[in-house]
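Both complexes shown next keep subunit A, but they swap its partner, so subunit B is in the first and subunit C is in the second.
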Partner chain A sequence: MDIRKLKENHKLLKEYKYELGKVDKGYANRTLYVNISNNTIKEKPVTDFMKDKFVGGKGFGMWYLWNAVTPTTRWNEPENEIVIAGGPVCGITQYAGTGKSLVCSLSPLTDIPIDSNVGGYFGPLLKFAGFDALEIQGKAEKDIIVYIDGNTGVVTIEEAPLEAIDGHVLGEQLTEMYADNEADKRNVAVVTAGTGAEHTRFGLLNFTFYDPRRKVTRLKQAGRGGIGTVFRDKKLKALIIKFSNVKGDLNNAFDQAIINKTGIKYHKEIHDLDSKQNNMRKIGTANIIEVMDAYDLLPVMNYQYGMHPDTQKIKSTVFIEKYITQGVQDGCWYGCSMACAKAADGFELKTGPYKGHKVTVDGPEYENAAGLGSNCGIFDPEGILELNFYCDTYGIDTISFGTATAFAMECYERGIINKEITCGMELNFGNFEAAVELLHQMSRGEGFGVTVGQGIHKMKKLFAEKYGADPDFLFDIGMEQKGLEYSEYMPKESLAQQGGYGLTNKGPQHDEAWLIFMDMVNNQIPTFEDKAEALHYFPMFRTWFGLYGLCKLPWNDIVPADNKYTSEPAKVPEHVQNYLDVVYGVTGKKLSVLDMIKESERVYNFQRIFNIRMGKGLRANDKIPYRSMGPVTAEEYESRKERYDKQLAEKIGYDPEDKTIEEKMAVMREYREDQYEKLTDAVYKRRGWNSNGVPTLEHLKYLGIDFPEVVEIVKDLQ
Partner chain B sequence: MIKLNNRDFPWEEGMTVESVMRAKSFTYSRIIVKVNGQHVDQEDYSNTAINDGDEVQMIHLLAGG
Partner chain C sequence: MKYLAKDESKCIQCGNCEEVCSKTYFKINDRAKSCIQINERDGNPEINVCDQCGECIDICPVMAISRDKLGVVRINKKICVGCFMCVGFCSKLSMRQHDEYIEPFKCISCGLCAKQCPSEAIFMAEKDDSEALELQLDKVFSK
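Let's look at the complex of A and B:
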């Protein structure tokens, strides 16, 4: 690539100079606003109100987005924003998982706010360059880049016509272009989407960091909800930031010593225990592929089944032994000893425009292996890696792609769609060639790939209206809610996990609550009230990471050796205290666990009301497809007949003897749907919401977010 | 009969923590085991007998992002 030629063709549209600042106790105390319709660039102060009510990260993102849009704004209108923010802890280097950015926008899939968290260097460097958040609003006429030089205090908007669009090429080009030399590449971070994001609704953002050992630009993904689609719709090709001289004290912490002490204790834990626990340093989150299969929780063939004999072909040890480079420090921000950003190096692609290229594949993470693999019936590790690579570089969310493709495959196998509709493609489960061709079509903007790329919500409508499919059956088997595709866990046998997916703000993504073991296996939360308590605490606790710029994995993917002797091992109390100590160390803020939950509750309830403002966020929007609750088809019932017959007899008091499968399924369905409704009642009550899922005015007052514009939305819904 | 995670589970002669875990396919790496409220370490799974009527907890910890 001729970098000089690429750069020569840039056309400067706007240059803005700013005073370099100094971070104070975790805050830069200003944010950067860039409007790419009219090329306006300005700074905004971070107020005490913002810090008190929204903390940072996702909180800032939601607040700015709320102020940017109206109830009628849709994802592809200029008013919609993409907001990227770290948080006050983001950028410290003494504790694991402290480089996260939270990205917020109105989603093309759901028409409500989406938030997606991502590693890579952009968030921390943004803060050190002088800004707690970056707001991008407007739409450009031609492909542009926005460049922030945090060394000299200059922001530019430039037309960039010649650079590639696919993430892995563009990340390399821009890292090379803006670094002064090889050593300087670590000081450059790039945000891109990819060609697939232009033709689908589930486009993602790639956040880079330069890996000096491999000498490649690595990609981490803000995957969920289609923010990459918004990015390309705005004609954004890339955001680039440069900041040199990253050091461990740039947050100007209130008490650096307590951060250091907490970090050292944690790193020792990782060193001593990771190989005995989750092996995050060897394989990352993919360590649980075979575990999920063993517990009948792995989504297989569009969530019909929870295990498959061929899972052994894609179990974690296969990736460790044959593909994933071992012994390399794989943290996606400085100082992360968990180092779970694993990669397969020198992987030779077999298809598509990069066929024959030897590339570094960032992954597979568990969600990729399950979504691209077992859920599509593809039990081929090289197939998974190829799909993983192309999803990333095309800017396509692996989870939505996997779940949507699995849905299309089931529709094909059941004759709901045929070869004529799929443009000649035999879309059977297990057909890797068909799956990867769908991806290439998404990149090229042609064929049935574009249909799948609109997501399950749109496919259901199309298949029913145009091809005469039964809409009720499609609703049952289409694993989406609020427009977002389910992530890759089988929730059928765990009521709490059904709530963990269904009673969320953004749609069925497990990052709010993953309660399957606690509920289904451990039987620790047997009553509706127990489940409701878990569906209050865990979503609030996990939301908190996104306010501060933290990764969730170091919380519970390793636990202290004596964790089992604590009163609530599932909460990992020592690690919770670590976080309170780190926040105190950075900001000087002394928080209790209750304060921590309350901070999250403010943002969580605000987001719920934001959903209501946008026309969703009520009980009707929290309904879930029956496939996530129980067996839709006779084959599914048969696969767990013994379990289901037992439940009918013992839980419902219905004698399954001499009954047809259809009769048994109908009774089971009535029971399970009723259970979900009762759970919904209990969770709403615990969260301070009324029976329609609307936060009560009393609860808003308790949280201190009863601002007039918020009250206005909910006052007539009390 | 024993209680396993507060559910009935049939007792057998010679039952140990290890044999219950095998029977249940409990393969996860982070399980807290208690028999009648007493913690059992991993190295003792095979030699910890479970008697008829015992209360056994095998608590799987959460993980994931």
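Let's look at the complex of A and C:
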């Protein structure tokens, strides 16, 4: 469509002019607040209190959200906000992974705060345009866009009736519309959802960046928790920012030289070691597909199994050799030498509204390959790429889609739901056509796709209440907790990872803790206390990235050559020091590792209490489905009989000889559930929480977040 | 392509090349600001300077590095975003960086240093374009 015509049909609802600012040691010191109910735009100061207590990024998001909502606010009410914030380090260009935005909102899946981190250029450009955060509240009447011109200091709210909704089209249209010419396109960044976000609860946000080599607008995703659903419910079509003249020193760092030195050292490390370690520059996170399979950790057919002979059809080398363009700089922000944002170019779509189009598919990341692939029994690289593409452009989270579809497939295969319920669809594992049709239905808002799009939590209720399914069995096999679908690792044999998923704030997402290798493969954390220490340190350490606008992958996907000789290789001590050096370089703040953990603990505990305020966040909400702990069905037990029999004998002292599978499974279950409870006790204790999972007043005092409104929530739960 | 060739066995480590380079491009005699650097390895002189291989061209996120008509690899400082990936990824360690500047710098085969070299250890030369390491993007994206 003619871009001029699209623009001519915009109707200006509000224009707001502001003074361009200068970033000082990583902070713009202002937030942009936009209310799209009444078209109010204003600036808010970022206070020293906010910086001291919440640092930035997710910390600011949680703080603004806390102040915007009440305990009864739900995701689709005007009070709910979408907050996008980078963090003080966000926007430097010398170290890898420094362009992340953290997006916070009340989730349609969980009814509690969700935080999702995303690359692309919006976060850094927002800061250079003058703002540490963008806070969007209210609901518009008609489809609107919000445009921030960081070159001239103008913010507008405009009705935009004619533009597309799907991410890959809308991203291109708006990049073209707001860029002066081809060279200017990289100075425009767009946030979109997609048509699927309108009809599901797991809608995502696409954050664009323009790729000057491919001449394509690339998409990165704030995937988890349904923020795209909130976005479309607000009738937001897109957010656009423009800022030209990005340079390497716009953060006005306290000491640029330290950042340069640390960054160059890291770039050299990637140059020298990537091809010897994980091949992140060749295939990104998908390098671990076959590794997960080899260790029995790849979710197969709704997490029933951890490996499959057909994994070789979707192993990383298949994508490298046949689909993913090699040798092109693929960072999602300037200076990311890890360059994991891989893409398949010239991929011809076989289904749906864009059938026959040759497109650039952003991915596959590991989670996509596992969620859309093995977990749904789809061992077809082109099927995975097609699902990946449509999830992105429709604005649908690949993880929730994959896990929810896998659940629906298992229900279908077990006869819990039938063809009548699926509207004629044969929803067997491995049926790519069915999976992709579900996705197209989510885009169109029709058929069984809409049911799957409500997420596992809602499906379980529906299947039990309407179709007479056994709710206990659905609880066992439905891989969700707090309403959020599990991400794509099989945690059955790693107690620590069961805790890594279950004892989270937002729900089972591996970004808070990924301990499978430490626990299961390397056996580095054998006791409850060891596991509890890991489930304290790592979630806090990982939270910290989100406070500063950082990506976690450069921390441990490639490690220094001598890392294995350090005292704690799992922590990658040299890289931790790099981060402390970079933060010092940007802000002038000299942090120790303890300070770092304490900064995270403030935000983490605040989020925990926010959950409690919204009606979750207690021990009962940390319960996990048994499928994530052990074998639910006889088939699962049989598939690992030797392992399970051995464990019964050696760990539990139960002789498996002459016992029925049911008897053995019952003993195994009792043992494993008890282990999880013991782990929960140990972790709560280590985190400074009582046995109900509530942060103690003493701990809040230690952290300096014993504000009256926080204490009010927990004082009667001590 | 035009490049600065070297014969390390002839180098007498006088430092003339470093001086002329830094004076020409940064108006100061400071070897840390010279594109060519004379070092010593195992007691022998080592001349470190860009050979215009072009490996850095594909590393740059904003395509600020390109090869000019003469085959010389040049940085467009106006669009450079100062990420220094090209510095970390130069296999020959010949891409330079100095903390007073937010862009890197490199030898552009101007030949001024060769003229100052008393021992003919460095000299201008030509090599075949087939030695260029950068991707041909037209071919990569034509599939």
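Of note:
What we mean here is this: the second predicted complex is superposed on the first by the 718 of 718 C-alpha atoms of A that agree within 3 Å, B and C clash if a C-alpha of one lies under 4 Å from a C-alpha of the other, contacts with A are read in each partner's own complex, and residues count from 1 in each chain.
Just so it is clear, contacts are C-beta pairs under 8 Å (C-beta built on N, C-alpha and C of every residue); 3 or more make two chains touch, one makes a residue touch a chain.
In this text, all values refer to a predicted model and were calculated from it rather than measured experimentally.
When the two complexes are overlaid on subunit A, subunit B and subunit C sit side by side with no clash.
Legend: residue contacts after superposition of the two complexes on their common chain; A:I241 is shown touching neither subunit B nor subunit C.
In the superposed model, A:V521 lies in contact with subunit B only, and not with subunit C. Contacts of A:I378 after superposition on the shared chain: neither subunit B nor subunit C is touched. Of the two partner chains placed by superposition, only subunit C is touched by A:Q256; subunit B is not. Of the two partner chains placed around the shared chain by superposition, neither subunit B nor subunit C is touched by A:V146. In the superposed three-chain arrangement, the CA centre of subunit A forms the vertex of an angle with the CA centres of subunit B and subunit C, and that angle is 70 degrees when rounded to a multiple of 10.
The minimum CA-CA separation between subunit B and subunit C in the overlaid arrangement is 22 Å, rounded to the whole angstrom. No residue of subunit A contacts both subunit B in one complex and subunit C in the other.
Only residues 58-63, 79-85, 87-89, 91, 97, 99, 102-103, 135, 137, 140-141, 143 of subunit C touch subunit A when the two sit together in their complex.
Every residue of subunit A that touches subunit C in the complex is listed here, in rising order: 93-94, 183, 186, 212-214, 246-249, 256-257, 260, 263-271, 325, 327-329, 331, 334-337, 345-346.
Interface residues of subunit B, counted against subunit A in their complex, comprise 5-7, 25-30, 32, 39, 57-65. Subunit A meets subunit B in the complex at residues 276-279, 285, 287-288, 290-291, 294-295, 366, 510-511, 514-515, 517-518, 521-524, 526, 551-553, 556-557, 559, 563-565, 569-570, 572.
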